[in-house]
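Okay, so chain A shows up in both of these, paired with chain B first and chain C after.
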Partner chain A sequence: MENKQSSSPASFIDSTIVPGDVVLDLSSMTNQTIKLGGGLRQDCDVISAMKAGTLRFSKPNKYWIESSQKRYVPCVEDTVLGIVVDSKADNFLIDIKGPTLAFLPVLAFEGGTRRNIPKFELGTLLYLRVVKANFGMNPELSCTDASGKAAEFGPLKDGYMFETSTGLSRKLLSSPTCPVLEALGKKLSFEIAVGLNGRVWVNAASPDTVVVVANAIMNSESLSTAQQIIMVEHLLKNIQ
Partner chain B sequence: MEVDREDGRSQNQLRPLACSSNILHRAHGSASWSQGDTKVLAAVYGPKAGTKKNENPEKACIEVIWKPKTGQIGKLEKEYEMILKRTLQSICILTVNPNTTTSVIIQVVNDDGALLPSAINAACMALVDAGIPMRHLAVSICCCVARSGLVILDPTKLEEQNMKAFAYLVFPNSVHSVLPEGSLSVQGEPIENGIITSVTHGVMSVDDYFYCLEQGRAASTKLSDFLRRNLQQQSTDSSKAG
Partner chain C sequence: MEKSGENEMVTPGDVLGRATDLKPGKGAYVASHNNTIYASLTGLRRIQLPPPDSPDQRPIVEVTGHKAHGPVPEPGSVVIARVTKVMARTASADIMCVGPKSVREKFTGIIRQQDVRATEIDKVDMHLSFHPGDIVRAVVLSLGDARAYYLSTAKNELGVVSAESSAGATMVPISWTEMQCPLTGQIEQRKVAKVVS
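So, the complex of A and B:
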C-alpha cells in the first residue's frame, strides 16, 4: 500500500505541470488528509492542475503549484504593499494587484479609535498584512500584527516603489538571503520592503543608490546565483 | 494521391511553429504565436473587479477584443471575437474569481492563412502566462477540403482561397495523468477525443468532415507536445535563478 501511493504522486513532484494534468488520485489514498495550495483543484476523485508551473510537495501532506505571475492571489498572513484608492466611512479601499480591491478597516491600527482615524491621501503606499481572504469576498487587511502591535506596518514615506512578478518577490524574501540582496548589502546601505503581491519599495540616502538597487533587483529575475553576483558587481563599478 | 503544395509540404504537415510568452511589459499575460508567416499577438489583462452589464456576476466574465492588421473593425472581427469568447469560456474555470472581468486582446500582426486557429492558440498561451485558472488547454488547427477532394492541414492564404471548404477545429490538449490509461474519461472516451469548437466555411460532405476531424485530432497531439515543451522550457529558464 505504501509503495503504491509513493510511486504515482512522486512522478510529477518537482516537474512542470500544464493545466489539465491529473496529479493525484484520491481513490488510492483513503484515510489521509491532504492540503491543497494554489493552482490545484479537486474534480470528483482526482486532483488536477489549474495553472502551469512546478508541482511542489511539503511533508506531511501539502501540495501546491509554484508559478510566477504579474497578478496576485490573496492569501491569509501574507505581507503586501497596497496603494490607497478610496476611503469610505469604515474602510479604506486598497489596491493589492488582486482580482478585487481589498478593505483596510479604519480601526486596524495600533491604538486605533474612532477619534484618531489616520488620513491617507489617494495613492499612499502602505505595508500591510492580509487578515482574511475568502472566496467571493474582498480581502481584508490590517496595519497591525497578530498581537495588535504596529510592527513596521503602515505608510511608507519617501523611497521608490516598483512592480515585479510574484516569483521574484518570493525569492527576495527567501532565507538564506537572496544573492542579489546580499551582494548589494555588502557595499550599499538601503532600506527595502517586499510585498508578496509583486511590489517592492526601496529607500536610501541618495537617489543613485535607490536606482542601482532597483535596477539590480529587476535584472536579477532570470539569473543564477553566480550571474547575479557578477551583475551586481558590474552595476556597482559604474557608480564608484 | 500526391499533392503539390507551394511550399513543398505534405498533406498533413504543419508549418513551423513559434511561440513566446511574457513579451509585453504592461499586460498581465501575453503570448505571440506564429505558424509559418501567420503571426498573432495576444494580451490578457485581469482578472479585474466588476463584470459587464449583461453578464452573470456569479461567474468571471471574459471579454475579447480583436484588432485586425489594417482597416476598421467590422462584422468579421465581431464574429471572431464571439467565437474566441465562447471557446475561452469553455476552457477557463469561471467560478474561481466571481464578479471579475478578464480582457483578451488579439492583435493580428500578419495573416497568411489559418488566422483564427493561430489566434486561439495565442490566446490560450497568454491566459496560461497570466495565471488564469483553466480546465485544460486548447489546441486549434485548420483543415481544408480541396476541389479535388483532398484534405490538407494548415493552409496558407493562397491555398485557403482555392479551397472548396475549410474547418477551424479546436481540441482539448493531451493530458498527463498519474492515473492508468483510460481512467480519466467522459462517457467512456478519453478527454482528448472531445472537441471544443468547430467553425466551417463552404460545402463539404459529412465523410469529408469526419476525415478532417480525424486528421485534425492527430495533428493536435503534435501541437499539445509543442505547447508542453514550450511551457517546460519557460519554467526551467525562470527557475535557473533560484
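So, the complex of A and C:
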C-alpha cells in the first residue's frame, strides 16, 4: 500500500493503534477528500483513533480501523444472525448481540402481506440484513435483500449455532476463501451461515461433522494460514 | 403574629396572619369580618418585604411554590421541548417551557411522523428530523393520551432550535433541513425552525 505521508511522524498504516493516537494531521494534507471509516474521528484538524486495532488504508482515500470484539455495533447493510425474543403487532423483536433489541417488521419478507405473516417461535434463528442502524434508535432488520427478493434470508432450520468474535466472522466471510473453510470443504460437506454480529451457524448430515467444523472454526482465530491447515488436518485425522 | 424564619406548607383555609400586620398577596385573601388573612391555595407561605416607596409598609404574605401553580400546556400553545427518544415513527420529548414560562412539573410530548412537517408526510425519516437531546419548538395539538401530549412541528417557525453535533459543539443552521458543526464542518440533517429575528 502506498504511503502518502511525508511529515515526520511515521505513517501508522497497518500498525497497531490504541484509542487517542493521532493518526493523520489534516493541516499537512490540503485539498484532499478523505473518507473515514469505523473507529476514527475528526477533532478539528487531526484525525484520532477511537478503537484499538490496526489502521487500514485503501486507495484512493479510505481509512479505517480493523478490530475484533465480542460485542457487535449494528451497521447498515450488515448480514447478521438474530434470535427471536418477542413478537408484537407490527414487528418481531430480535436479539442481534447489539446494545438494544432490533425490530424486524412483520411485512419485511418476500411477498409479505398482512394475510401471510410468518409465525416464529421464540428462539428461532434467522439470517437477516440490517436496514437502519442509527445511534439511539433500535436497529431495523429485513428478511429480503435491497430489491425485495428472499435471497437466502429467513429462518435457519436444524444445525448448530455458536458465537465468535466479530473479527473472526469477517475473516470467514472474506474473499478469497478463508483457509479453514477451504481445508474443511475439501474433505467434509456442510452448510454454514456467518453473521457479522459474531454468530455462526453450521449444519451437516451427521453431528460429528458439525462438531468438527465448529471446533475448527473456533480454534482458527489466532492461527496463520499454514497453522490453520495443519490444525484442520489434525482434527480430521481423529474422526476418519 | 410573628414572622417565622422558615417557610411552612399551608393548605386552603390556613390562617396566615392578621390584616393589620400583613397584606395578602398571591394565594391569600382577607376575611373582612375578623381582619384575618387566610390561604386560598396549597403551597409554601412566603413573606415579601414591601417596596420602600409605597405608602403602605406592611409586608406581603403569599402562597407559592407548589407545582400546581405552574403553567400547563394547552392545545394551541407553543412549547419548547427537549427530544428524549427518537423511534421509527415517533419522537418523545420532555416539555420544558410553555410560552415564555418554564413548567414546574414534568410533561411528556410525542411528535408523530405525520406531524413533523407539512409536505410529504409519509416519507419523513424521524432520524433525519430529530436526534435525542435536540431542543425543539412545537405547538401542542391535543392533550393526547394518558402518557403524552401530541405535539406538531409542521410549520416553518417550528422545529429544531438548538442541537449538538456528534463532535459536541452547538450546530449552526444552514437551511430548513441542515445544520453544520462549527468544529468539524460536518453537516447533519434536522427539521430546523426558521427563527424570525
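Keep in mind that, in the parts below, the second predicted complex is superposed on the first by the 229 of 240 C-alpha atoms of A that agree within 3 Å, B and C clash if a C-alpha of one lies under 4 Å from a C-alpha of the other, contacts with A are read in each partner's own complex, and residues count from 1 in each chain.
We take it that a contact is a pair of C-beta atoms (placed from the backbone, for glycine too) under 8 Å apart; a residue touches a chain by one contact, two chains touch by 3 or more.
Everything numeric in this text was worked out from a predicted model, so none of it was measured.
Trainee: Putting chain B and chain C on the same copy of chain A, do they fit or clash?
Mentor: Overlaying the two complexes on chain A (C-alpha atoms) leaves chain C and chain B fitting together cleanly.
Trainee: Is A:Gly195 touching anything from chain B or chain C once the two structures are fitted on A? First, second, both or neither.
Mentor: The answer is neither, since A:Gly195 touches no partner chain.
Trainee: On the A-aligned overlay, A:Phe103 touches which partner chain: chain B = first, chain C = second, or both, or neither?
Mentor: second
Trainee: Thinking of the overlay built on chain A, is A:Gln228 touched by chain B (first), by chain C (second), by both, or by neither?
Mentor: After superposing on A, A:Gln228 lies in contact with chain B but is clear of chain C.
Trainee: For A:Gly112, select first, second, both or neither according to whether it touches chain B, chain C, the two together, or no partner.
Mentor: After superposing on A, A:Gly112 lies clear of both chain B and chain C.
Trainee: With the two complexes superposed on chain A, say which partner A:Cys44 touches: chain B (first), chain C (second), both, or neither.
Mentor: It touches chain C, and chain B stays clear.
Trainee: Considering only touches as defined above, state whether A:Gly136 meets chain B (first), chain C (second), both or neither.
Mentor: After superposition on chain A, A:Gly136 lies in contact with both partners, chain B and chain C.
Trainee: Rounded to the nearest Å, state the minimum C-alpha distance from chain B to chain C in the superposed three-chain model.
Mentor: After superposing on chain A, chain B and chain C come no closer than 6 Å at C-alpha.
Trainee: Of the residues on chain A, which ones does chain B touch that chain C also touches?
Mentor: 41, 136
Trainee: Residues of chain A touching chain B in their complex?
Mentor: Its residues touching chain B are 8-9, 11-12, 16-25, 39, 41, 46, 50-54, 67-71, 73, 99-101, 136, 167, 171, 220-225, 227-228.
Trainee: Chain A touches which residues of chain B in the complex?
Mentor: 28-29, 46-49, 93, 96-100, 128-131, 133-137, 172-173, 175-179, 184, 191, 227-228, 231-232, 235-242
Trainee: Over in the complex, which chain A residues touch chain C? Could you list them?
Mentor: These residues of chain A touch chain C: 41-44, 103, 132, 134-138, 140.
Trainee: Tell me, which parts of chain C touch chain A in their complex?
Mentor: 85-88, 126-127, 131-132, 166-167, 183-184, 186
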